[in-house]
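Both of the next two complexes hold subunit A, though its partner changes from subunit B to subunit C.
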Partner chain A sequence: MAESAKDKVKYKILKALDVSGFTAFDPVIRLIFGEEPQKQLQAIVKYLVIPFFFVLACLWIWTWMGPRHKTKSGEVPTPDIVWESAVINDTIADREEIKEQDFLLEGVEREAALAEVTKEYAVLSEEVKRLKELVATAEAEKAELEAKAIGPIQEKHDALKAEYKLAEKERDEGIAAISEEVAAGKADTASLIAAIRDDGVATDAERAELSALKSQIDEIRSQKYKPLEEARKSYDKVADAQFFMKTRLEFLDKRNLTVKLDEAQSKLDGYMTDLASAGSAKDALKIAKRAVKAEESVDRLEGQEYASAVTIYHQTKRSIFTVFVGFFMAAFVAIPVGIMCGLNKIFMACLTPIISVFKPVSPVVWLLIFQIVVGAFFPDPENHALLNFLNELPLISSLEINPALIFSACTVAMCAVWPALVNTALGVSSIDQDHINVARVLRLGFWNRLFKIVIPSALPLVFAGLRISLGVGWMVLIAAEALSSSDGLGKFVWDEYQNGSSLTFANIIMVCFVVGIIGFLLDRMMIVLQRFVSFDGGGTSV
Partner chain B sequence: MMTLKKWVTTAGAALALSSLHGEMLDLEKDELKFGFIKLTDCAPIVIAKEKGFFEEEGLQVEVIAQPNWKQLLDNVINGELDGAHMLSGQPIAATIGFGTEAHIITAYTLDLNGNGITVSNAIWEQMQENDPALDTDTPAHPISAEGLKPIVEEKLEEGEKLQMGMVFPVSTHNYEIRYWLAASGIHPGFYTSEDKKGFTNAQVELSVTPPPQMPATLESGNISGYCVGEPWNQQAVAKGIGVPVTTNYDIWKNNPEKVFGVNAKWAEENPNTHIAVVKALIRAGKWLDETDDSGTLVNREEAVRILSQPNYVGADFDVIKNSMTGYFYFQKTDKREMPDFNVFFKYHSTYPWYSDGIWFLTQMRRWGQITEPKPADWYHEVAKKVYRPDVYLEAAKHLLEEGHIEESDIPWETDGYKPATDEFIDGVLYDPKDPIGYLNSHEIGNKDS
Partner chain C sequence: MAYLEMDNVSIGFGPPSNRTEVLTDVNLSVEENEFVAVIGFSGSGKSTLMSLLAGLQRPDKGEVRLHGSVIEEPGPRLGIMFQNYSLLPWLSVFGNIELAVKQVFPKFTASELKKHVEHYVEMVSLTPALEKKPHELSGGMRQRVSLARTLAMKPEVLLLDEPLSALDALTRAVLQDEIIRIWEEDKRTVVMITNDVDEATLMADRIVPLTIGPSATLAQEFPVTMERPRDRANLNKNPEFMKLKNSVTRFMVGMNKESKELRVDNTIQMPDIKPYDFMPPTRTSVVVK
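Take a look at the complex of A and B:
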């Protein structure tokens, strides 16, 4: 009995792995349940351990190759630098959260936090001072080393330059002499031309020599001095932390919501007492006006929220939301139209030219078209009823839906609609003739036939199409966001590229992984859905 | 104090309602979105937000990076943004209908100077060959385009035109690089009613590239030089891909650079909000230019710390720091003190001068962006349509009452015209009262009678 319960669990897990497409972990589960350990171990080595080492090897190649490929924007970041940049992005997000908490803190808690932060700020300030000196010493060291390395080359360069200058002067004089001789008819013209030509060749050679020395000097100058780099890095890190503490102090003190509210309230109270003792009607009017204003500002403050900077998590959330909006738009159009296409040859013939022409169009072109077309629907986005409605819905209100999101989603939909449409049409048109015959025999009506026969048998292909659509949509979205500067991962990459900071490259590679992993998860999700609707039990490709 | 009193009584009579001492303005709108381009001269907007100056005016402001100048302008026109960091030429061009037409106004000049012209290493070497005086690690400034001329001519003989980059057709950068080239007799090309790219008769072709992409475009060899704001010149030095040859301080000393532009319709609907925004910006500008007794800029390092955050300019702290704290690297070996490289408040720089607008209009006419000759009155009219010192002075008056600024910070009594100046690289006199005369005093460019 116990045995069979265990088996039940085992098969459940195996089934789950199968449905989600993680069959590679099959042997691990079987091993845990003690099924043919020998065989399972073999499978684990073959399909898990070897791939794992392969990935490790790739990482090693990356680590090894990265620093060896120098670009003008710096070295290719190694995995650890990419990880570091991910940590920095996380810190930025964390700090935003802390600032928001600080902004909202009240009473005793606020005072406690204020005291603590003040202490920390003092400590960090000392640290910053110390590190600044370190940087200065490292800078001096570097300058000294550089001077030592460059000195001799520079000397050589200067000496050569002086020498070449003399040589050139000599050659010029020589040429002048020959030309005089030519003028006097003593020498032939060819010798003059040869002399000038030689002069040109010699000058070029000298220049090449000098610029070679110069580039040696430049090379030395552009070399990084490790201690300085490290000193700078740690200085920057601490200075950033110090600055963060300084901002926290502000948010805990004079920019704190409750502090501001109290101030406004006391002002209001002051006016109220003044009003009670106002001497004349004119004074009363004046004070009352002020009181009303103070009241308004209290109201406004009460509604105030912390204006958070956009973090990578927010960008990711927004991207995922946008891709689903686009995806559902695509599905909403593709499935009915695809079914019509599959059912009716004439309809299919009508749509074929449209599908064939628009399917290959680049997402960038669609984006531009939608930007113009969709933009026209939102002449005044601030007061647009639909946008306001969407931005008041509970879950998505934080995503700040704007026209940019809508036309990014439209672009996604436009590019994602084709695979779903074509697959649906194919699924519907390739229904088993027997099923249709059965429907005929049963004399099913159109709707019955549609919902009982056509859709169920086409579903696996429909979902296969939707899976491709979602993948395409996700890929398109990143490009669309980058171009339309609609908040999301695409904009994050684009902004990073534009920042051109030392972390740019690492951040771009980090996003590469984020996008890849999310894309992978979306795909898995579609696989699971697809497996649930397909009754043939056939596997899906990875 | 006398002058102030006079001013307060005249202006105050007209605006009696808002003259409550130290009161918050009656804001029409308190949640605002401002756009900016990743350049250090967006600093006043970023500082006003980060240091809480907007908050103190009761404004909740979101500051959003824009991909390029065109999209920024479009977003201000379509209402997606309430205001933005703009090129001085943008409100003017939009108002007169060059490019996208819309009435854009400005009541605040963000900064002076701040641009540089960078050429690629190869061009710099050739320039050094052409002019031995440049062949040192610390050549004398200002460097004119004389050394570039033989290169341009050589290229022309080969049937090619030297390609250079600027950031927008109506950008300060376009007019500056044109001025620099033309001052040495190199024709940068005319705009005509058909040629919207400005290549007609050009010896050097200037094309548009967004600022952050400049270094990459230079590196890829598509252009041989560019004129752009910071940190993109220092970035070229840091990456070793180019050499800044001159800054716009040398082309025109203390030239106006960026403005804070808003839609005229928006300003009409939200007059008090506009004043509150300008108030916060004035305070930010003053904060940025605050000095200690020895004249060192005390707040700039903190400003750089803020600007180097990835959601603002995002370049490395050390790169932004150079120009913002008063230094400029012309080469890795050539670090110079340039205390006025970025001016955010000094010299009454934040006042919206009519004379600035007129200079840009003369340049638009000089290069054919304005295709028809216009009478002198037209220049003054347009400048007065775009530049709004009334809003600025109203904001300043509030700040003075609240004790945030001093009376000497603001040119209360000016008629909006700076005195005539000849502090240009070619020494030509610019008298803002005589735009036509100025137009005709240049050798290259359209002339009107």
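Take a look at the complex of A and C:
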């Protein structure tokens, strides 16, 4: 029976799912192609719908528990707040891009943009004014409501306070009287002690009562008034947009590159004309000096780039770049050394103590060691030939490679080298005796034996090791970046933790997901590679 | 002087304190272009014998000689076909054979190489599977690839180590015919190891039984004088075949019995004692009148 074109497409998709490890979506594809719908639907319910509801349940538990746990940084953010923070980070990145465009715009385009932004700014300003009023009214409403609720309690509180003040005064007088009697020898000392003690107890009780009322008032004050919250939220949003428009105006006008250049140029031209008509030698010298300075500033402006704020996308890109630098360093060392270990028992015996001792060392320790040891190669990072060369390269120049990145990459390499090394050694040493016999019968030379028999046979295990290495490297990297302040996701969370804005907690949780998803994708990538080099067509664990 | 000979060969494994002698004083001489079948029970050291012939192992005592010179190391002159195929799983059928041919005939041009490989693939009728990987092939096909690889090296001696033992009966018959056809087309010396009397009788010029290990050695040989080509279909009606098969089988089974009898019986007969039963006898039947 000839396979139809449709079947061919189907099997291609299924194969792709199999290789990439997404076999759970297998029944969906089969269902789309109309294969045994009953069976596929069952499989979809079992392996997709139920897990989906499980994840939903987890999200629900998170949403429910989050606000009930009060921390120093506020409530635990719920999923929607985390999502909001992701959207905000995205907006920040978008705005940076727009600002950069504005900075570089020239001529007619600049003027058109300037006119449009001015108009928008005016509209937004009106809106801000309106919303500000709304907020004010809502605040007034809230204050009124509060006053109504708090009034009686406050009255009660004040009355009690006055009463207790009197009572305390009375008690103090009583104690004074007793102490005088004691001094005169008329009364017992014990009665004085008892009176003082009673006074203490009574004061504490009064204080407790008052503070209970006070906390009642505070409770009412801290209650959220929904209209006010909403008004504030919409106000913040518009005010934020208005502020952005204001910055855009600046970048289109005063801080625009061409505007600044024109200004500097006209200044220079002015000096030049002045210089031509200078009256005295002293004046000429003064003007010429100014002209030279103006010239320098024109030169400087010409090479100027937009100083973009660090966005989450930039941090993510830099993290991925760093992990791959570290990973390739690790692979570059681990594979040859692993092959040598697998081939030669003496070599293996020599390396075993080193592997055993250094494998469990924490990445933090490695980072510190690298900062000192590798740091010695970068005494003057600004003028380092290698760093300058790397930062001139077309694709990676925007990542701004600095020593901190290199330390992080070295730490990643140091921690990622072990799994790859051990697995390569294992793969090489556990080569099938039959294959060795084939090599012996064919009388293959050392290099032929290595490249035709040993390496191909060890390749699946080598890639299994590399997969573990990349996973370890990615985990280590975040910690290394946080500690070495190398721009990246690690530094992003660390900065968030240190800065403490209202979005701190949500941002940290967002990074948790970003790191997780990227780690997952990296792992999948390695699985696919591993599947391509494994010759037995066997599956790999997820 | 024989073409390939084993002269008082002994080999054993393990440290001196716990040594197992596998083969003791094995003598075998194979003439040029002769087809010899070595037959024996599993575990009797057949594969070790083959490793010695191929030079993959050196004997502890005695010598293995080809053309009168001692075999020191394995090489393509002694083409061994392994029991478990030993194909390289990351190479295609073509790649597996090509690797061997390239090594043995380094002076081949690319087109000569291709022609040579394809010739041998065709010989084992696997041309359609030329670009397949071993794991995509059936056991019989893999075995044929292994055979093609060994033949493509043009070895002086073909050593077949239970080449067909892992196959089902039908595939086995096909491959037996194929091996015989190839051998007849392209005469050379063959030593085949097998545990199947029918197979040995059908294919070989001479059957040499291996006694039961440890310390196995070769027993009295049985020459097969049947005319070639031997017709598989009528074999069971051939009196000579039946007679030979029976005598080999009887010898092998007898050897097995003998070895069982030789084994020292370490079991101690215990007296048959039963504990005294204090329970009242249970009623087993009720007679109803």
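Please note the rule applied: the second predicted complex is superposed on the first by the 399 of 542 C-alpha atoms of A that agree within 3 Å, B and C clash if a C-alpha of one lies under 4 Å from a C-alpha of the other, contacts with A are read in each partner's own complex, and residues count from 1 in each chain.
Methods note: contacts are C-beta pairs under 8 Å (C-beta built on N, C-alpha and C of every residue); 3 or more make two chains touch, one makes a residue touch a chain.
For clarity, every value in this text was computed on a predicted model and none was experimentally measured.
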| item | value |
| --- | --- |
| First (subunit B), second (subunit C), both or neither touched by A:Ala239 | first |
| Subunit B versus subunit C as contact partner of A:Ser430, first or second or both or neither | neither |
| Superposed model, subunit A: greater residue contact from subunit B or subunit C | B |
| Partner chain in contact with A:Leu444 - subunit B first, subunit C second, else both or neither | second |
| Touching partner for A:Ser266 - first (subunit B), second (subunit C), both, neither | neither |
| Partner chain(s) touched by A:Asn388 [first = subunit B, second = subunit C, both, neither] | neither |
| Contacts of A:Ser398 with subunit B and subunit C, given as first, second, both or neither | neither |
| Touching partner for A:Gln42 - first (subunit B), second (subunit C), both, neither | neither |
| Contacting residues of subunit C [partner subunit A, same complex] | 54, 56, 73-76, 78-80, 82, 84-86, 88-91, 99-100, 103-104, 133, 135, 153 |
| Footprint of subunit A on subunit B - complex, ascending | 20, 23-24, 26-27, 30, 38, 49-50, 52, 55, 58, 60-62, 65-67, 71, 78-80, 125, 129, 210, 212-213, 215, 219, 231-232, 235, 239-241, 302, 305-306, 308-311, 313-319, 332-333 |
| Interfacial residue positions of subunit A with respect to subunit B in the complex | 72-73, 92, 207, 211, 218, 221-222, 232, 236, 239-240, 243, 246-247, 250, 254-255, 260, 289-290, 293, 297, 300, 304-305, 307, 309-310, 375, 378-382, 402-404, 483, 485, 494-503, 507 |
| Parts of subunit A lying in touch with subunit C, wherever the complex brings them together | 434-435, 437-438, 440-444, 448, 452-453, 456-457, 459, 535-537 |
